[in-house]
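These notes concern the structure reproduced below.
Per-chain residue numbering starts at 1, and chain names A, B, C, D and E are given in the order in which the chains are listed.
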């Protein structure tokens, strides 16, 4: 049988090693992929009315959209015993549907060799010395809408209610931006070729970023970081539902979760995972830190995001 | 001709050629770099990025798909297009003029619009599986090239040869295979090469028609480029270029390049 | 083997354009008949009808006692030699010649033997393994001939087979074609627009004009006794002089032009002469004399040098005539002369 | 009977193109129209919306500008090169044509990629600029309109050279000899004879390049990024990211309209400039 | 205005192939000289040298007293009429004609006036605004002529200007060209491979062969007194009979063939006759008589019908000859006859 996974395609070789190869052995099936960013993959799935892939990795904002479109089926928790070992917030972040397999933060990174003084606040993005050295996530990505939220904060207004002031603040940001990136690896490329020196990103990219550019730093922000949960769901059209459950259970097992974290792929959500100090330093890790993160209300953000799309285009695409 | 060309014009032409060929040389250099990111001139010398093409299963998979699409799509286009080109030339008077216009439409309609329209009608509405939809797209893409190139060689084909064969007792269908086809061979080969290259390099149609597990090499290249910026892309490019050179040498040896230049 | 061809009241169209109308023609066994006419008059169309590449809209075609009219082209068994030879460029000379035999399922060795024997007859045995591209025009021509002859067809047809050759070769080849056709006793239909070629090669010649046959006769009759003004003009009777008989005196008659100039003609030389007729003469048949006498009074115009004679444009009343004069005595434009018809180069045309 | 044979042979291609191209594209165009009761503009409301958006107008205009520049630059470079190539001795001519064909045979992705490498902050161009002291620091060239134009010119010049060499070679040498026998020197001959006679070819080349660059996807995607969105990338975003099919259909229909209009206008212009071209 | 052309011992190469060798030719003021020869003999090359499209490897070209040899083509001021007219297809007839004036910086209104006047002279004023594509062959021809003439060149050259026209128009146009050239008194060099055309239009004709001029003379001299076997053959003396004088009796001489057949010839008619010579005759100049008598005994071969006569292939000893016989008396192949030369159609060739 062929088991199809839809994910970002990020960290391809590590995923292959840690997840795909062992799982192929386990299930005796052949694993194939569909790759692309959240929006792209979700839309293709919608076009196929939920068929074509067996499991889909999405960030919570997109899995929420998928759930609203009726694309996913409930997870039979009896078939996924490992869910019980997860932190509470990861077990059922969106009701009966898929669990979170990792938790992350959205914050800022910068190349310490080229940015001085260091970044300490979201407001630093507007700094004049950062002209043409910034890449922000495109609005169609998970982190994109957060840019709008931060612009609202910078302007001192509520982004949901005062769009004009919010986008005016974004427009001020435009000269600093080289391009908006669509995938994390695109952003890494931009760093490694020297195209940019500051970016907004999720913490899971940090390992790869440091590989490419050792002088990259995760900014310690005085004004807080944003939580993101990545979920795995089983689409309604999955042809291997049982295997899909088996896969989710596999991915959530303590061993895999630990390996992924140690290899710099994803932060663990399995509460039983013990990390080495270096790995622990890199991730959102431990009950305490996880409790401190702020969660986004996607029921408010998702509709706003569609409204913002055109204004965003007008701001950055002109 | 005896007219002299102004030296500045010659200089300009040299610059144009540098502009045309320079980047290809740079890709070649970059593919040999030992670094994980792209540089030119290359630092260190390594073939590991060529090795990498083979190691990444997605490349293997998509190369196979691309070759399938190119061979099958071109094959079908030849089967469908040669009779059409033959009819256009042989029965010019009895067929309506709009037919030849219809046959060039796929060139006139932007590829990306074709891709989008096929996605909606063929994949979504008709529910054709991805692989077949992709094949339909590629076939459609190359049909006009086949018809045009084969038509060009039929236009210079002397149909009295066909009549000669018939008058000597060869039935029309057999005559097509024993007399007509051998004499438009170079046109058919040219059509094949042109279609093959068009298909294997296509982005715009494939962009919409690829799906889970089924992707073509250029689309995979684009995806890979979004995720990695290592010299693998350069290596793939070099392999593609070497393939192209190989094809061109074969073409030159067998037919002369004038055919491609048409 | 050889059989007579009968084309019976055939009409043919291309789309809605009528190209041939009610055309009848027969070629006797072993005879060579030429179709002669200007470009576009329907010669090729006639051949294509017989070959079966085109269906007549009315009429019938018979070969011997077999009705060809509805038979598919590849079953008609007719040898065809095309204007541009239409050799198969991808086959060797031998394979070209053997092609028709192969279609007739003649076995390999027998086929080669017959093809080689035919190549030998046309003197090309040494070129059997060449491709047609490497042959000269005359050699191609002979291959085309061999290919058509080797199937021993009851009927052989030629469509301007010599028009792509240079003048010298053209004459050699037509002699050769004629000899081969005679030797085989093959019935043949031959298309050309070259009058000299048609006359020199044919038993009979059909002069065609706009899809009709104007006259079908032996070259001698056509050349000396054209049946109508079109044929007369075609065979070189450039001057057409309308006349009215005024007196008859036994075989001698006197006739006058509209301007009143009188000519005396003999029915012994020209055949019976009706009261109103047209006298057709070639330029050689109008003698220019500056000394006066009986004939048409005329004024000379432009003189050109023909080599064997001088040619003059002359004006006689309303008529514009072309006449030749001797090299010994060049005459200048404007000279008043008398034009005397020479009965050997004249013909009588009845009113139509 | 003949008529039937012709139709039979042509029918597979006819059916394929009709059902797999004409009808799907027609449906797309149909989808681009709204319902009659929708908004002030009735069925053309989606188009009104398109042109009401500054961003969309801008994408369209940018696509026009880029395609226009690419066409003009390719024409100029292609014409000059083709003129030289057409005048070379035969062996050199065929070498030069092969060299021009070669990049044409490598895909758009590969060729765009080359410029991604060249135009980067640490790419060759910046290295050269800094080494020669033309600029102090690296210049941001990627993701600019210039980058898109350069890469597209790179892609289309070979095509133009090929088309124009053919055209220039087809101008009978007689005509140039006639003009020089009438007293026209090389420059006068070029502008009074060669250029006007090359117009049909120039138009063919221009239409080819304009339509291809107007509808291209890979190059603006790679070199323009999200800031230099063009019709092709915008169509992709509408259809595959935003999942806005009617919106994508509007983009597709506008593209189609521009292409058809361009072809019509350019052929008209060609006929104007060169009265014998029919 | 008009000037004499002198081509002085010119040699020309294409690459390493020698095409013309040591060729000299002069055309007097107001004279029209034709270059006549088979395809590939170097006619066009000669024109191209004079026009300046090709550089000679040796020799000089002068127009009047101006040395053209190294002058760029566009400064030579020579009117050229091309075989296919080479009209500028994108310019109207008027613009075509005015083109040369424009290059000479003739002001707009003056230019139009002169172009229109020239169009008027060639009878095309009413077509001035047409494009060349919409003209008939003859009209194009006249535009080409007008375009070359309007710059009032001291020398006018024509490269097979009529070869693309049909037979009838060809004759009309050559008369017209000749009249315009005469009226303007322009010096002209005219290239053709059509003998009749060359003879009818020229003051003198140069017969070329493989890059050399074989004879340059008036048409009458060429036609009646060819200087060598090549020219003789070219102008239709198909039969070349080598003879040796045996007895001289005043103007009368007797000569014998290798086989010993004796002929009697008169130096009064044929000019001085050397001891060893070749007698050249046309087919018309060898009379076929079945009654025997003095002449060459021969055996007849194939007969063809020429219309005005029958033509026979005949064999006399080792010689293969072509002779004509009267229509009144057709003779069959194999007949033994005597061939009697007619001095009017004979020429004496000296040994070379």
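Please note the rule applied: a contact is a pair of C-beta atoms (placed from the backbone, for glycine too) under 8 Å apart; a residue touches a chain by one contact, two chains touch by 3 or more.
Just so you know, these numbers come straight off a predicted model, no measurement behind them.
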Legend entry - Starting at chain C, fewest touch steps before arriving at chain D: 2
Inset, instruction - Return the chains common to the contact lists of chain A and chain D. - result: B
Legend entry - Top chain pair, ranked by how many C-beta pairs fall in contact: B-D
Inset, instruction - Find the geometric centre of each of chain B and chain C from their Cα atoms only, then give the gap between the two centres in Å, rounded to an integer. - result: 54
Inset, instruction - Give, as an integer number of Å, the spacing between the C-alpha centres of chain D and chain B. - result: 18
Inset, instruction - Report the inter-chain centroid distance for chain A and chain C in whole angstrom, where each centroid is the mean of the CA atoms. - result: 91
Legend entry - chain E: positions in contact with at least two other chains: 53
Legend entry - Multi-chain contact residues (two or more partners), chain B: 38, 94, 119
Legend entry - Numbers and ranges of chain D residues touching at least 2 other chains: 120, 122-123, 240
Inset, instruction - Going by the contact rule at the top, pick out the chain E residues touching chain C in the complex. - result: 175, 196, 199-200, 219-220, 223, 235-236, 284, 302, 304-308, 345
Legend entry - Complex interface listing, chain A residues touching chain B: 2, 4, 6, 8-10, 12-13, 16, 32-36, 44, 47-48, 52-53, 182-183, 185-186, 188-189, 192-193, 211-212
Inset, instruction - Show which residues of chain C lie in contact with chain B when the two form their complex. - result: 14-15, 51-53, 72-80, 82-84, 86-90, 99-100, 103-104, 147, 151
Inset, instruction - Show which residues of chain D lie in contact with chain A when the two form their complex. - result: 53-55, 58-59, 120-123, 138, 140, 142-143, 225-229, 237, 240-243
Inset, instruction - Flag every residue of chain D that touches chain B in the complex, lowest number first. - result: 2-3, 5-10, 12-14, 16-18, 20-25, 27-28, 31, 77, 80-81, 83-85, 87, 94, 96-103, 105-111, 113-118, 120, 122-124, 154, 157-158, 161-162, 165-166, 173, 176, 186, 211, 214-218, 221-222, 232, 235-236, 239-240, 245, 248-249, 252, 255-256, 259-260, 263
